[in-house]
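Here subunit A shows up in two complexes: once beside subunit B, once beside subunit C.
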Partner chain A sequence: MIPRFSLTRPGSIEEALDAFDRAADDVAYLAGGTELLQVMKMGLAQFTTLIDLKGIAELKGISVLPVGTLRIGATSTHRDIERSPLVRERAAGLARLESRIANVRVRNAGTLGGNLAFAEPHSDPATFLLACGASLTLAGRAGRRELEVAEFAVGPLATAREQDEVLVEILIPAARPGEGRAYDKIAFFERPAASVAVRLTVVDGSIADATVAVGSLTDTPVVVTGAGGALQGAPVLGDGFAVALDAAAMALGGVEAMADLNGSADYKRHLAGVLLGRAAGVAVREATAHA
Partner chain B sequence: MKRVTTRPTAPSPIGESVPRRDGPTKVTGSATYTVDVELPGMAHAQILRSPYAHARIRSIDAEAARRHPGVVAVVTAQDLPDVNLLYGHAIADHPLIATGKVRFAGEPVVGVIAEDRATAAEALRLIAVDYERLPFVTSVEEALADDAPIIHEEPGEQRSHRGFEEDIERTHPNVCSHSRQAWGDIDAAFEGAHLVVEGEYRYPMCYAYAMEPYTSVASWNEGALTVWSSAQHPYMVRDDLARCFGLPRGAVRVVVPFVGGGYGSKSYTKIEPLTAALALRAGRPVRLALTVDEAILTTRGDAATVRVRSAFDADGHLLGRHGAIHLNTGAYAENSPLVGRKAANRLGGPYRIPALQVDCSTVYTNTGPASSFRGFGAPQVTLAGESQMDEAAELLGLDPLEIRRRNLLDPGERPWPRARGIDADLKADLELAAEALGWDDPLEPGHGRAICMSASDAGSEPITTAMLRVHADGSVTVMVGSTEIGQGSSTVLPQIAAGEMGVPLDSVHLLQSDTGAVSYDRSTGASRTTTLMGLGIQAAASDAREQLVAWARDAVAQNGAPVVEERGGVRVAGTFHDWGSIVRAWFGADAGEVIGRGYLRRSGATAEMPPFWEIGCVGVEVRVDETTGEIDVLTLVTVGDVGAAINPQLVESQDVGAAMMGLGMAIREELVYENGNLLNGNLFDYRVPRTTDVPELRTIVVERGDGVGVYGAKGGGEGSLNPVAAAIANAVYRAAGIRLREAPFTPERVWQALRERDAGR
Partner chain C sequence: MHETLEIRLTVNERSEAVRIEPRETLADVLRERLSLTGTKVSCDAQVCGACTVLVDDLAMSGCTFLAADADGRSVRTVEGLARDGRLSPVQQAFIDHAAFQCGFCTPGMLMAATAILEEHPRPSRDQVVHGLEGNLCRCTGYEPIIEAVLAAADAGTVDEGVAGW
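Right, the complex of A and B next:
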């Protein structure tokens, strides 16, 4: 059962940082709680003070910045993102991904910021955001800084966030002309067994450049350069595409996958290869539609 | 739902799909479960559990916990010198709290009672236990090694009075029990065989997930004990409590409020002795409410390794079957010796086998204790037996249905000497399933179909009593020791009473599962309640009516006028008198009641064992995704051969629920131990089927009036679980040409089998 803790509800980032400073050692920020409260219940983490970020206006909302970047406030719930017309229009792959996270109860409570800050190796959005070259903003006593998603997760359940820092927003660059972004996963339990995100650009019927990110296999989602490289230059129609997909799937063989309840490392790499093919197909369709 | 009914008609509302009585209460949240029971002065318990699979307890330092504000008492085995700590109705080997050593990770070591749960949980963290770790075993193979650590140094006391007559063959100190089922000349059968099919099949360690975890509230009052509990068998729990605390059975009252699912996991005694012991030391009523994670550690199903050889003649007739079953029964016997005996009985399946020899050993390991689980040995062995029928059919060039037609028992035929004859038309059931599944329709590539069957010796013991009271206003109270665990007994039993008394259903009220108020029933399990308690109620109704007719002669009829019994009352000199008016006339006031009694034992119609055969007949169509190894079960056919469906809709929901439970274990569920600890003992990582996993359903309810129960009823609710894993394995073979012998058939196992298939091409 969940141990006793005290809860504070700051109204601004400044108040949150003050609350953090005032608190004793065992303090954590709380967003949706779908991960944090679970690990507390399981006795895997003990916090005597929780600082609830959900009342801070600046951490909410989904908008488009003047340069076309999609800005998602860190405490936006998965459900908010799934249903956002802006997200559906500008990052359809993310909207689809969010609609398939866990179950509707989790999506109604869990937040994107909380998901990234918890850094569960099987995170759905982290894999997609990594492939998209997304970044995020952190606010601390020392001021604000922007980090690439690639720099943020440093290990399982570990990020580059300083303890006092608040995750403010996630920034997703606008899709370029001819760009497609897609994600697919396979899940046997609550979390994915394997997941793959593909971002690619199609120019004149060929893939001009491609990024492949793989989740759930390693400690943090990783970009597999060889897989993206294998897709580069491939025609999007005919046998050439299939050959390139096979080569890209082969490149996943080098991923240092961890065995877990979903299966062995070999099997999980195989699943990632299957998903790579599916996600790349969707990304190509999106790219061709945008061209 | 399709209905096939040839049984004799029954009085209304028997046979009608009336809405379940507990439905509105449950869905509106007003039902009172054990966790809702509040007593004045009640304190709350939390349990410190062993982190190690096998360890000696050197010392326990609980001083800081005792001093923690809000703590009422801290209890270890040493604090209970006046309690008989060992319980277990088959073998008394299970200490209600660890005594000297722990035998699985998760075993209760210390109980803390506090003013509230949070305080008790805080105090747990202040307790220091010094363990001396011992070598441990978690698999049967490890447990039976020559140099394996011994889990029980002293064999537990055999408590044979409840029907565990066979001698335990202790071939290895970690063997908990041994059963053999045998008939015919097994050696001759195999010598004369045209074909012998041989294989090893594995069934996983599973958890019978119920939404309500185990919960008990115990209260002592002037030397008498009252326990509220989420228990299926209140009378058996009562008897264990009486034994643990040296009380007469009459001084123990076990009350079962609403139960949030059982599936066998709540049969027999669980946390009730521990809760009562904690309340004894606390000097106050105590509630112990486990979490789901703790419940998973409390009981699970027996994992099985089943080695089988089946001998056939050239025409596909079974000549003999030889089996060796090992059940991983965990740290304590619980009900596994009986599961083992049933597994041995059930490996033969629904077939005519001239010679059979099956040995089944239950084996202690350092894992959570296994006990009853819906199907009870049958799912484990049906995977083996029914796989071999399809394997043999292929080698003999026979259709899988044809080999079954040639071997299925005929109605009345005895599966083994002295057993009750089969009370079902198995071949007709098979044809119904084949028709529903579209057996002869063309199959799409990557699809496969299969139909599998089982017959279980079910019903447990016919030891049942019932009371039926008719009040002065004609309303009826029925009092039974059978529990509503979600299966619908609180609807079906009043239907039987209303039909037998000829009164409206809404005038019948039911009181269940309170050993201080209702009369004895052995258990709510083995699919026995509708059949055996149904007979009990029928007998009680008959007894009540007989008395009422006599009272009518005495107090209603003038001058010896004839009294003719009719539906719901009597007719005297042309005037109808309902039951209530007879009660009023006899007592001479608007008061009083008649008490009807029903007794059931091994006698008359229920003399032969088993009381009935529970039939399983399931068909599936599956599709195999060769890229990921996932099995998609597209169609599920269930045939509920229940003799007489008192409430057809409830029969259907039991069949679908049972089959879905079987589907979960066939393709996904398995408790996984690593380094002596349960890896996935939570609902994140242990996934049970959901409504979204339900395939297209084609359900059939069959009523041929061939059971021993009222209007030919016999048990259902477990049968449709038993053949599911085998049906999926056989359908996958037809879809993809791979033979799966180890459940669950996880995507990776399927993918590996596909790779092996392709490597062999």
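Right, the complex of A and C next:
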């Protein structure tokens, strides 16, 4: 059973911040509850007050900003994102990823904001958003600020969010011409054992630049500069591409992977190398389809 | 006194008003307060699917869904599937295809299957498998369950009189 708590359901960010100020020390924001209620049940965290963010209109909705940025309200569920025509059109890799998170019940309840704020090292979307150079907006008593996803997670289950701050939205830059973004994972349980996201730009049949992010191997998803660098300049057809993929997979050897239930560090690095090849292939197809 | 709140919801099309503690889950309220014990709780961690219920037509883990979040919403459980003593096509298909043995996972499987069929009235095998991925069964090996859902899809299409399930 979940230990007792008091529940507040504010209708605006301002009301949520007021509720935060009024609450005692052990207070947490609640969204889908798929992570928070679970750790409370297991006795891993205890909160005497939960502030439910699901009734706040500003945290909902998926839209495209005038500059082409995809804006996803923090309490959008994985299902909302998976089904969104805007996401499917502008960040197909994210829509596909969201359709494969955990199981259908978790996707129906769990939110993108909650996933990122919980900062589980095995998060699916965090890895993709990192590779895309996405950012997010936080609102607190001190005002609003925008942070890169790369700056947000600072460790396992730890983020740069101040306690009072509400995660408002996730902002994904528009794909540039010739850009492809893809993600792949291998999961034996509900969470990935290893995952890789690739963002690359194809110009005149060659990869002009690439970013490779690896998830589930380390405390937080990481960009592996050497892997992106190995893809740069490679032709997207023929042996040259395969040679570059091998080099990129080799570069993952430097990732300080942690062993866990899914397997040893070496094994997980190997999985990441395989996934890198698959994700890069999909990213190239997306990039050249746009060209 | 502990904090309580009153929620109003419909359960299998019946209006209910229940005074609950915030910490109570939907599975708690269904089983303990409304005596709807068809919904099972097993892993209590959103992994096994035994507690699957539909909230506004979406499959949810009753074990980790706050009853407070069901306020104003429509909940369906396995008890609501049969109409006028007649099993829903997917319930009948589970019998016809021997899709259960011990039966513990069956209420959750039926609700997950119902959600799949409402969203995809003629699902592909992949869609059935994808939709059932989070529901565990230790008896059947899954094949009879997948066959039953596919058969129910065919049955539902032929008999348009039961389109409401």
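Keep in mind that, in the parts below, the second predicted complex is superposed on the first by the 291 of 291 C-alpha atoms of A that agree within 3 Å, B and C clash if a C-alpha of one lies under 4 Å from a C-alpha of the other, contacts with A are read in each partner's own complex, and residues count from 1 in each chain.
Just so it is clear, contacts are C-beta pairs under 8 Å (C-beta built on N, C-alpha and C of every residue); 3 or more make two chains touch, one makes a residue touch a chain.
Keep in mind that what you see is a predicted model, and the values were worked out from it rather than measured.
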item	value
Which of subunit B and subunit C A:Y267 touches, first, second, both or neither	first
Subunit B versus subunit C as contact partner of A:N108, first or second or both or neither	second
First, second, both or neither for A:A24, with subunit B first and subunit C second	neither
Which superposed partner A:T34 touches (first subunit B, second subunit C, both, neither)	second
Subunit B versus subunit C as contact partner of A:P3, first or second or both or neither	both
Partner chain(s) touched by A:I186 [first = subunit B, second = subunit C, both, neither]	first
Comparison of subunit B and subunit C by subunit A residues contacted	C
Which of subunit B and subunit C A:L44 touches, first, second, both or neither	neither
Touching partner for A:V67 - first (subunit B), second (subunit C), both, neither	neither
Contacts on subunit A seen with subunit B and repeated with subunit C across the two complexes	1, 3-4, 38, 190
In the complex with subunit A, residue positions of subunit B that touch it	46, 117-118, 121-122, 291, 293, 627-630, 668, 672, 679-680, 682, 684-685, 687, 746-748, 751-752
Subunit A residues within the subunit B interface of the complex	1, 3-4, 38, 42, 186, 188-191, 193, 261-264, 267, 270-271, 274
Subunit A partner contacts - residues on subunit C that touch it in the complex	2-3, 5, 21-23, 25, 28, 44-47, 49, 52, 55, 58-61, 64-66, 68-69, 112, 115, 130-131, 133-135
Residues of subunit A that touch subunit C when the two form their complex	1-7, 9, 33-34, 37-38, 41, 50, 52, 54, 79, 102-106, 108-109, 190
